[in-house]
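Below, chain A partners chain B and then partners chain C, in two separate complexes.
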Partner chain A sequence: MRSNIIKFFSRRRSWTLPYVLFLAVFVVMPLVLIMVYAFQAKDGGLSLENFERFINQPEAANTFIYSIGIALITTIICIVLGYPAAYILSRMKLSTARVVVMLFILPMWINVLVRTLATVALFDFLTLPLGEGALIFGMVYNFLPFMVYPIYNVLQKMDHSLIEAAEDLGATPRQVFTRVVFPLSMPGIVSGVMMVFMPTISTFAISELLTMNNIKLFGTTIQENINNGMWHYGAALSLIMLVIIGITSLFTDSSSEDAANDGGLL
Partner chain B sequence: MKRFLSTTYLVLILVMLYAPIIIIAIFSFTESRVLGNWTGFSTELYESLFSGGVNNSLIDAIQNTFIIAIVAATVSTLLGTVAAIGINDLRYRKRRVINFVNNIPILNPDIITGISLFLLFVSLGITQGYTTVILAHIAFCTPYVVLSVMPRLTQMNPNIYEAALDLGATPMQAMRRVIIPEIRPGMISGFLLAFTLSIDDFAVTIFTNGTDGLQTLSTYIYADARKGGLTPELRALSTIILVVVLVLLIVVNFRARRQAKRAEEQALTLKR
Partner chain C sequence: MVKSNYIIEINNITKSFPDKVVLDDVSLSVKKGEFLTILGPSGCGKTTLLRLLAGFNTATKGEIRIDGEVMTDIPPHKRPVNTVFQRYALFPNYNVFDNIAFGLKLQKVDKREIEQRVKRALKMVGMTDYEHRDVQSLSGGQQQRVAIARAIVNRPQVLLLDEPLAALDLKMRKDMQMELKEMHRSLGITFVYVTHDQEEALTLSDTIVVMNEGKIQQIGTPTDIYNEPCNAFVADFIGESNILNATMVRDRLVSFMGREFECIDEGFGENTPVDVVIRPEDVYIIGNAEAAMFRGVVRSCIFKGVHYEMFVDTPDGYEIQIQDYNCFEPGQEVGMMIKPADIHVMRKERTENHVVGKVIDATHVELLGETFECAEHDLAAGSEVDVAFDFSAVELTDDPDDGVSWGTIRFILYKGDRYHLTVRTDEGENVFVDTHDVWEDLDEVGIKIAPSELHISPIAK
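Let's turn to the complex of A and B:
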């Protein structure tokens, strides 16, 4: 018996066992529970009433659409601001670029809420009103580094001989960028979009603080329902968010594959 | 000209990123309760932070944050390392399944992780508090440890381990003397990652900390802000955290650069 146990643990693949159990209890089961709760009526029976409520209740559905809008705007602003920054960084001397990238990441070490409150302070300081503008600024401010970093990584590792080849073959600088550099940097943009869009769509707390509780995002709606004991409805809303995120990641997955294929064609 | 424009652009973006933080740092040197109101230079906030003049709940929150982070990061590092060693030995299909599940907490938004764990604890009838927060933190930190140890294992030459066995080492000795040293850098970076993730977490903690008033720094700040303002001492604390992180990053960067240089020199001498 004892020797059996020793034999079992000396096989290294058995070492996964504790973690497999842990994952089953703390990752898989909780997600299954979200589904169970979402499809359950308050009395415990199987039902779609939580989803019907979402569709029939304009408030939650509107917040949902509004949140997607805010997340889209934030993501677009992050690409527009972040891409040139990443491009400039990738053209710098490696040692200088490393320092600047570090400067981009450094603020991330400060607690998100403190940074958000600092943004509120900045708006107060400049006597700007808190509201939608502040909300979008705060989101961009919080998530911009997540866009710059992956794009920079891809651009920096790009094979320079491809650019030279394009130049040799007579491409103008503009063509080099639109036909070679930009398509090759697509995987970086895609992972940047994932890293900005997903957290923006699911944030709560940040929006409350930046708009003095005037604008509610979907994350806040979910949190309020859970806090008020409406677990079934909250779980259904969480499931809706999960579906949206699943769709986004499928979409971005296939486009990054396309980008990789394009890269291969080059 | 082009160079000037691009530098200006980067500087502008950095100013945007740093303006709020700089304001916090500047206003940590004045006594005013309200941020943005300068009432003369003073180190009062720093003094009160360290002399315990600040209310107990903030001190408790800071303590809780560190205890939770240290326990969660340590357990995740152990669990994740053991798991990674095992996963590395698995065949393709099983490995893919585990890797897929391992990625779930990384890709899931915090709020979903938080709510799903909340539902788990509620369904199992576990009272939420210290234990549940630590378990939750282990749950979202361990996948990162697995991810940072894994590449070290796959890059390792499996023959070294076999060689150790052939030379008479027991599997345990070979593990301790051969595998662990090889993957140590991955374990260290996994630990640090887990530690920072835990310290920074808000969304998972708020759903799993229960109703007994267990606060970490994040939830404390949140409660504070909802009451309508930041405890002024938090400005001092944030400034300290920023400076510590800045110094740490400079040291790490400096060391990495020196090591790279040394490796280069070694390579050169080897060539000769």
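Let's turn to the complex of A and C:
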């Protein structure tokens, strides 16, 4: 018996047990519960009435489409701002670049709510109106580093002789960028998009604070339903969001493997 | 305008980085259609020279002309050269076909012609039917073939090759050498090839340029460079050799290892100190016969495939390296012979150290950045002086702090009975040292010189 215990703990596989338990209780169980609740009517019987309600009542569906729109705009702005920043960083001396990257990441150590409240205070101070503009500003501000870092990582690791080879074969600086540097940095962009687009769909704190609750994003809708005791409908909405995110990540799947290797955030 | 028959003209090029001069006043001309190899140890500036030709770096001073045109302000993409990189540098986002077609597509060559030319280039490097392969699925040798095809498909006037075979294994390297030579013949364009492998240089080139420490040491055909090295560095770097201190007694007679040898060199003057180079295969072991010019005892004998490599100790303390088809057992006494034509005499670059110093007081002088004690003299304090001392006057210490000054060993030359070291001080001055002790390259050593060995004389104005 004693030797069995020793054997059990000396196997490396056994050491993963705590984490497996944690996963089962806090990740797998909730997912199963969401599935169960989503397909249950209020009386507890199996039904699709929650999904019918999503389709028949345009309010939630509209919020959903609006959220995707906001997420798309945020992601595009992040790419437009983040790519040049990452490119310039990758050209700097490594020691300088490290410091600047640190400055980019530093605000991320502060809680998102604190940062967003500070943004609200800033808008107040500058007497700028809160609303859609403020919302997009807040989203970009919060998620930009997640776009810059993976792109920077890929660009910085890029073999410089590839750029020289392209120049050598007759490419102008512009052609070097469009034909070699940009295509090769795709894994970083994909990684960045996954880090920005997906979380922005489900944010609710930023939208609540920066629009004084005037604009509802999908995350807010889910939160409201669940707060108001409509667990079944809230679960169905969560499931719909999960499925859509799942589908978008399938599109990027082929390159996301490279992205995880080359552009990984950590 | 008369075009010269030189495709590349490099005139007085100097390239310095903030902390270091990499190329020091280099001039070189390359003939059209020539296979020229730039050969030297790592850090000698050979790759920098190639990068200047390609346009990746710009020279601090001097001018490069390609096909008569000054290249100074011309960016890499407008130069009539293409480069084959050491680590291939194939674009991982394109397949083999698109990699090779990269340059042609930029030139907007007709689609059908691109296809034909890519096919022909692939055939030339022996990679037919590989068009649609992913470049990362290819072996090192195959990737380098694609890289060569990608360069030659553009029909450059000059092909630059930066140690293209360094990353391949020996067998593959030998095969590729033959193919490159064949390719050079059939393409008829100029190849500029950079390598640190002397055998490769001797095999491939029409002309070899030997470089060291940012300077060209010698330019010549492979046979010239091998048979007539112009200084001890070249002799030591190209092939195996015995390099010995000698004295040129008079024309056609040279003295070393305590006896006189007939040779065929003339014009060095009488009783001039020189270096002699004798290749190991040029020393004949003739058993114990009467004809022997000198004798020795075999210390070691190693089988090297075609020949045996032996080290023989002579009674006056010299060690001679010999290559012979016959094996002589260690411990055996043998007689040796050297033919007059196989003794190559080189002028010595220097016979003693000369550095500029400054007088501190009657018994101290500043040189190599430190204050050394010296014999009493009556030169005025503060005046600049020439300080001379023998190679063997310098004592090296293990701990750099034990010496008066210190330096790093940069070059070691074995002279049969002693080592001739080049020690570079902090300030970049070279001190040459003769020693019997064994040191290693890049060892940091202390430098001591006995006061009586420093010969101080005023600098003539």
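One rule holds for everything that comes next: the second predicted complex is superposed on the first by the 253 of 266 C-alpha atoms of A that agree within 3 Å, B and C clash if a C-alpha of one lies under 4 Å from a C-alpha of the other, contacts with A are read in each partner's own complex, and residues count from 1 in each chain.
Here, contacts are C-beta pairs under 8 Å (C-beta built on N, C-alpha and C of every residue); 3 or more make two chains touch, one makes a residue touch a chain.
In this text, all values refer to a predicted model and were calculated from it rather than measured experimentally.
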First (chain B), second (chain C), both or neither touched by A:Ala118: first
Touching partner for A:Ser161 - first (chain B), second (chain C), both, neither: second
When both partners are placed on the shared chain, which of chain B and chain C touches more of chain A: B
Which superposed partner A:Leu33 touches (first chain B, second chain C, both, neither): first
Which of chain B and chain C A:Val20 touches, first, second, both or neither: first
Partner chain(s) touched by A:Gly219 [first = chain B, second = chain C, both, neither]: first
Touched partner set for A:Pro150, first chain B, second chain C, both or neither: neither
Which of chain B and chain C A:Pro187 touches, first, second, both or neither: neither
Interface residues, chain A side, partner chain B - complex: 10-20, 22-23, 25-31, 33-34, 37, 81, 84-85, 88-89, 91, 95, 98-100, 102-104, 106-107, 109-115, 117-119, 121-122, 124-125, 141, 144-145, 198-199, 201-205, 208-209, 219, 222-223, 226, 231, 234-235, 238, 241-242, 245, 249
Residues of chain A defined as touching chain C within the complex: 159, 161-162, 164-172, 175, 179-180, 183-184
Complex interface listing, chain B residues touching chain A: 6-7, 9-10, 13-14, 16-21, 23-24, 27, 35-36, 79-80, 82-83, 85-90, 98, 101-102, 104-105, 107-113, 115-120, 122-123, 135-136, 138-139, 142, 146, 171, 196, 200, 202-203, 206-207, 217-218, 221-222, 225-226, 230, 234, 238, 241-242, 245-246, 249, 253, 257
Of chain C, residues touching chain A in the complex: 54-56, 75-78, 81-83, 85, 87, 89-93, 102-103, 106-107, 150-151, 154
